[in-house]
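The following pair of complexes shares a single chain, subunit A, combined with subunit B in the former and subunit C in the latter.
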Partner chain A sequence: MAVPVELVQTLINGILQGGVYAAAAVGLSLIFGVSGILNAAHGELVMLGAFATYWLVTLYHVDALLTLPLSFALLFAFGWALQYFLLNRTLGRPLLLSLLVTFGVSLILVNVALRLWSGDHRMTRIPYFERSLILGDFIVPLSRVAACVVAVAMVAGLSWLLASTRLGRMIRATAQDGEMARMLGVNPKTIYAITFGLGAGVSGVAGSLVAFYAPVEPNMGLTYTLFAFAVVVLGGLGYTAGVIWGGLTLGVAQALTETYLEAGLSLFVAFVLLYVILTSMPAGIMGRGRLE
Partner chain B sequence: MPRPTPIEWLALAVLAVLLVLPLGVGPYPIRLATVIFMWAALAGAWNLMAGYAGSVDLGPVVHHGVGAFATAAFMLKAGLPFLVSVILAGLVAMGVAYAIGTPTLRLRGAYFAIGTLALAESAKELALAWDRFVPFPLTGGSAGVSLPLAAGYGIFYYVMLVLMAGVTGAALWLQRSKFGYGLRAVGENDRLAEASGVDIHRLRRRLYVGSAFAIAVTGGTAGYWLSYINAQEVFGAAITFQMVVMALLGGLGTPFGPVLGATFLTLTSEYLGTRLVYYYLIIIGVIIVAISLFAPAGLAGLLRLGRRRPAPGAA
Partner chain C sequence: MTSIRSTRGTRWLAAVLLVTLALLSPGASWLGARRAESQPKEFKVGVALSLSGIFSRDANLFKEVYDLWAETVNKAGGIKVKGTGYPVRITYYDDESSPQKSAQLVERLATADNVDLMLAGFGSSIAFAASAVAEKYKYPYISGAASANPLFEKGYKYFFATLNKTFEEVEGAARVFTLAQPRPTRAAVIGSDHLFGKLAAEGFKKFMEEMKIEVVHYEIFPLALTDYNSLLLKVKRANPDLLLVGGLFSHALRVMKATKEVDFSPKGVAFSYGPTVPEFLKEFGKDADGVIAASEWLPTFPFKDPIFGSASQFDQAIQKKYGHPADYVQAAAAGGLVAQQTAIEQLGLQPPLDEKAREALMEQLHKQDVMTVYGRVKFGPDGAIVQKPPIAVQIQQGKFVLVYPRDVSGAQAGKLIYPLAPWRSR
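And now, the complex of A and B:
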């Protein structure tokens, strides 16, 4: 029996894309799960990470893989400051307020980026990623493999950090009951700032991974905000490792739509999928999300 | 019916002046006023759901887009006059809102917000692809649809004024009626609502369908005014964001808040947009952050308008 080449190639593309979606969403899930903040500027963090890699590679000829820790550090500092100086003031206030503040921040970030770097689409040149693996009938671009592998490793690392380290326990305790954590000697405001820093850092790295294979521009963020919402809901809100399942589902569903229906419908399918899961299985496809 | 408060007398006086304004001023102030009325109607309709029923809808553009395309279809395909078309489009949007509201309104808090955002984005993508898949072309795909040019701008001024006044009146009525009291008393707490025998789902759906009518008629009117609509814009998240920002800046859950927010932001954009073309969105972002952090009750809170209530932080 012949291998259905087209189908397998489509699945490979979907899985590779899905890994990056998971990485681009895990920060949103972490921040919402711990601080209850719906971060409307999430995609802009991805955009900043992507630009960090682009400029480091283009201007300073830093090795592409070496830009990942730098991108994490820059975005960690930015996210920490954002929570510490602005968002900690919204604690205990309605959800809408943090949504509005982060929306204001996203407006500032996009338009500052447009002023500084213009609206041009910029492609990062990384010679050793410009090749593809040929596996029999299948073509797999090296840049996408690298992006997917790093993405999955990062989500696993973050899950490990939350589950098995002292900092992880402090974060989980704060997420469960901030007041109780405070009585046990954990300062929730510090933990919220570190959490936002971590969330922003991994989103920045996700952006850097996107820059490995796709063009970078200041308006790219909104798409990633919307995809991150979709991935987090598919995986289950508040269940961090669920983003892997959510990302793969979204990536594969989009790839199948592009191959067998029409490229123009792939966003439609993504959002209908999100809506259907939300109304019928609010705990996510694995049923492990937190219900309100 | 209780007597109007001083603020409401003032609002009625302003309304009376606005009714005769076109007799005394030129086209530019009329155009600017029409833009303000339009945003006040949109933000006010959003405020009905978010401020009075506690449901943060991030997809009100669904109704806006349906209204715009339905109005265009009634005018271009059925040859109906504008006012008839726009009312029919409002009714179509009410039907759509009833159908999508039934499952969506069961979602709570952040889930409702994300669900409605997903609906709006799906609607946009569907509208963009519509003409390629459905034998009855409607949206013109990414090229959009052109409408005939209107004879004058007066009609838009008055339609938008009526919409703004109607939405504001609905908010005032909600503050006083049993219907609005029931909605506010239970807010987001469904179990409490069930225990007190209020069918909150039905109340909320009625409000959702009603505000859909106002948003759709505003969208239809705006489409005819600009004489060109395209799915990317009329279903665009930018319109939602602007509605939300204006309602919150003005003061969530206050009847005149959205009017204040729309006036402030439209005039600011008009002023900054012509003088500081490159920086005005950055400045708007800074204003949004500053007002939400330092004056969370909005402009109405700063001016102490609207109903008295505890500061949001005390909830």
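And now, the complex of A and C:
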């Protein structure tokens, strides 16, 4: 019975990793879905969240789980300001401009982080997360479970906020037709800033979750930008809840590759998958993405 | 031409893009690198180093030694040539851990900055690209952390390395297991996908086969791997006695963490590089006990030179200035610096050094045989150091203990801890 054990364990690993991918991508999906901005600095928001948790735990001995709301608040404020003072100026301009500006922002963030914190790889020490649950033949690392559970809860919460609250209705209305929303008394610039704040906040939390189990360093963002783009495309552009499916697909595909083929092919598989989905199902796995 | 007009908003964006461009410019360290081109009579020294990116933690160890060297030499009145002391001044550029960028910056140091001496960057991948440019402009390039075998097969005259070639470098960390009781019979070898990581893994594999230990799993993993647990679980299922890892500090960090998370407790663990970086002990504390690392130097070795003093004095100087013990690549870098300085003094070369002077310097480096804080530095015709005994160190109660071979220049090896306790009982 060795094969099913290995298969199930691989699926567990993939699902746990997929949850974190989903968390890291949901902010990107939300921001693109509402304001049409392709945020190239997305991974750097994840990096800032990871550093927030690292420093709060290391310097102030804040409990790792308690850093999550703090990380959200810090990144929300940062994201709000970024949109309000900078990115709102790119609205209505070609997509390329927002891509360029956010790329610039990403370079500034990486270099400032390097100046402040150097390129060291830092590990957050969270003693109660260092062990794993051993369930018979299966091993489930606690830090990953926590990351995955929080990630899924966060995506669910965000979807609920968009679907069932007044703010969510205002965000959706602005996404559908900014002019019409303005006529009904919604200020699109404020909504865009709140949306970017929310997107940045959840990306910060994703970074904090990454800091539970992986080293933190200023250059870590690029990987998450790439994976987040892949996850958003797999799940369907502009369909926020799709990131769960996109994340799980990517996580499981990579885990299967690592276990049954070789680790060296995991990136290759991720991008082959992306290519296949883009060409055969451009609206994402669930077919609910936006096609333009 | 209607989309971008000269509005206030566009100017704002232009300003942001300008700042970005400035930060993007090669070696963003321009902020700190103040020039004083007109100052005469000093050795202008240039180095392209990975101050950011994946090798930055490792490369920072080099910067510490280079700074310590400059400080020590300048305090002693500079490099003494024909009775006159010439201070040294180092210009750093950040290659962002990119070999291509390193090559560009070395070219810039050679052609725009007209430096007299070039110091080496960290790692084989960087040296592979940068040494080609150094060769072109005739600058001796002595690395204390570039050991990949192909580097010595290019026929370069200006490239030197003070570490053993990669294969020999991991030999000690592999052969140490001949001392293990009960004798291990199965090993897993993994390596990160870059020049040094792959070669180290190949070296481990080769020595295991020579030692008649079966390699039950061999795999090269990508630098961007996000989930180390799946990889380590697969290794665990192969049930090896030993886990041997080729890679750098960040890989050692991830692999250690993953072995704990997936509850994989091999009887012996060895890394080609990583555990001797001071942060490793800081990160893992007593969890690091029993981990073996390839090394080539310890502060207890009886070596000395006129610049840094004895090995233990060098260690203390690093400890005092940077708050951690000296790593062996730092000693290897120091060995290269001492060799180059000795050659300059012997030849009586005054700054500025022209191409002819640098050629003479290269020839002298090939000829001379000097004792340094790192041990004997004598280069072979291919630029590789005449082989030093490969050693293995083991972390025992938070300290590095020589465990292989039994005796290095009079320093005695301690007892190997084997097998390691399982994670659950640590």
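Just so we're on the same page, the second predicted complex is superposed on the first by the 289 of 292 C-alpha atoms of A that agree within 3 Å, B and C clash if a C-alpha of one lies under 4 Å from a C-alpha of the other, contacts with A are read in each partner's own complex, and residues count from 1 in each chain.
Heads up, the rule we're going with is that contacts are C-beta pairs under 8 Å (C-beta built on N, C-alpha and C of every residue); 3 or more make two chains touch, one makes a residue touch a chain.
Here the structure is a predicted model, which means the values were calculated and not measured.
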| item | value |
| --- | --- |
| Touched partner set for A:262, first subunit B, second subunit C, both or neither | both |
| First (subunit B), second (subunit C), both or neither touched by A:279 | first |
| First, second, both or neither for A:95, with subunit B first and subunit C second | first |
| Which of subunit B and subunit C A:118 touches, first, second, both or neither | second |
| Touching partner for A:86 - first (subunit B), second (subunit C), both, neither | both |
| More subunit A residues in contact [subunit B versus subunit C] | C |
| Subunit B versus subunit C as contact partner of A:230, first or second or both or neither | first |
| Which of subunit B and subunit C A:32 touches, first, second, both or neither | first |
| Which superposed partner A:107 touches (first subunit B, second subunit C, both, neither) | both |
| Contacts of A:271 with subunit B and subunit C, given as first, second, both or neither | first |
| Interface residues of subunit A shared between complexes with subunit B and subunit C | 86, 89-90, 93-94, 97, 100-101, 103-105, 107-108, 110-111, 262, 264, 267 |
| Complex interface listing, subunit C residues touching subunit A | 3-4, 9, 12-13, 16-17, 19-20, 23-24, 28, 50-54, 56-57, 60, 193, 219-222, 224-227, 229-231, 233-234, 237, 249-250, 253-254, 257, 260-263, 279, 283 |
| Partner subunit A, residues of subunit B touching it in the complex | 50, 56, 103-104, 106-111, 113-115, 117-119, 121-122, 125-126, 128-129, 132, 237, 241, 244-245, 248, 252, 278-279, 281-282, 284-289, 292-293, 296, 312-313, 315 |
| Residues on subunit A engaged by subunit B in the complex (per definition of touch) | 32, 38, 86, 89-90, 92-97, 99-101, 103-108, 110-112, 115, 222, 226, 229-230, 233, 237, 262, 264-265, 267-268, 271-272, 274-275, 278-279, 282, 292 |
| Contact footprint of subunit C on subunit A as seen in their complex | 2, 6, 9-10, 13-14, 17, 86, 89-90, 93-94, 97, 100-101, 103-105, 107-108, 110-111, 114, 118-121, 123, 125, 130-132, 134, 139, 141, 143-144, 213-215, 217-219, 223, 227, 251, 254-255, 258-259, 262-264, 266-267 |
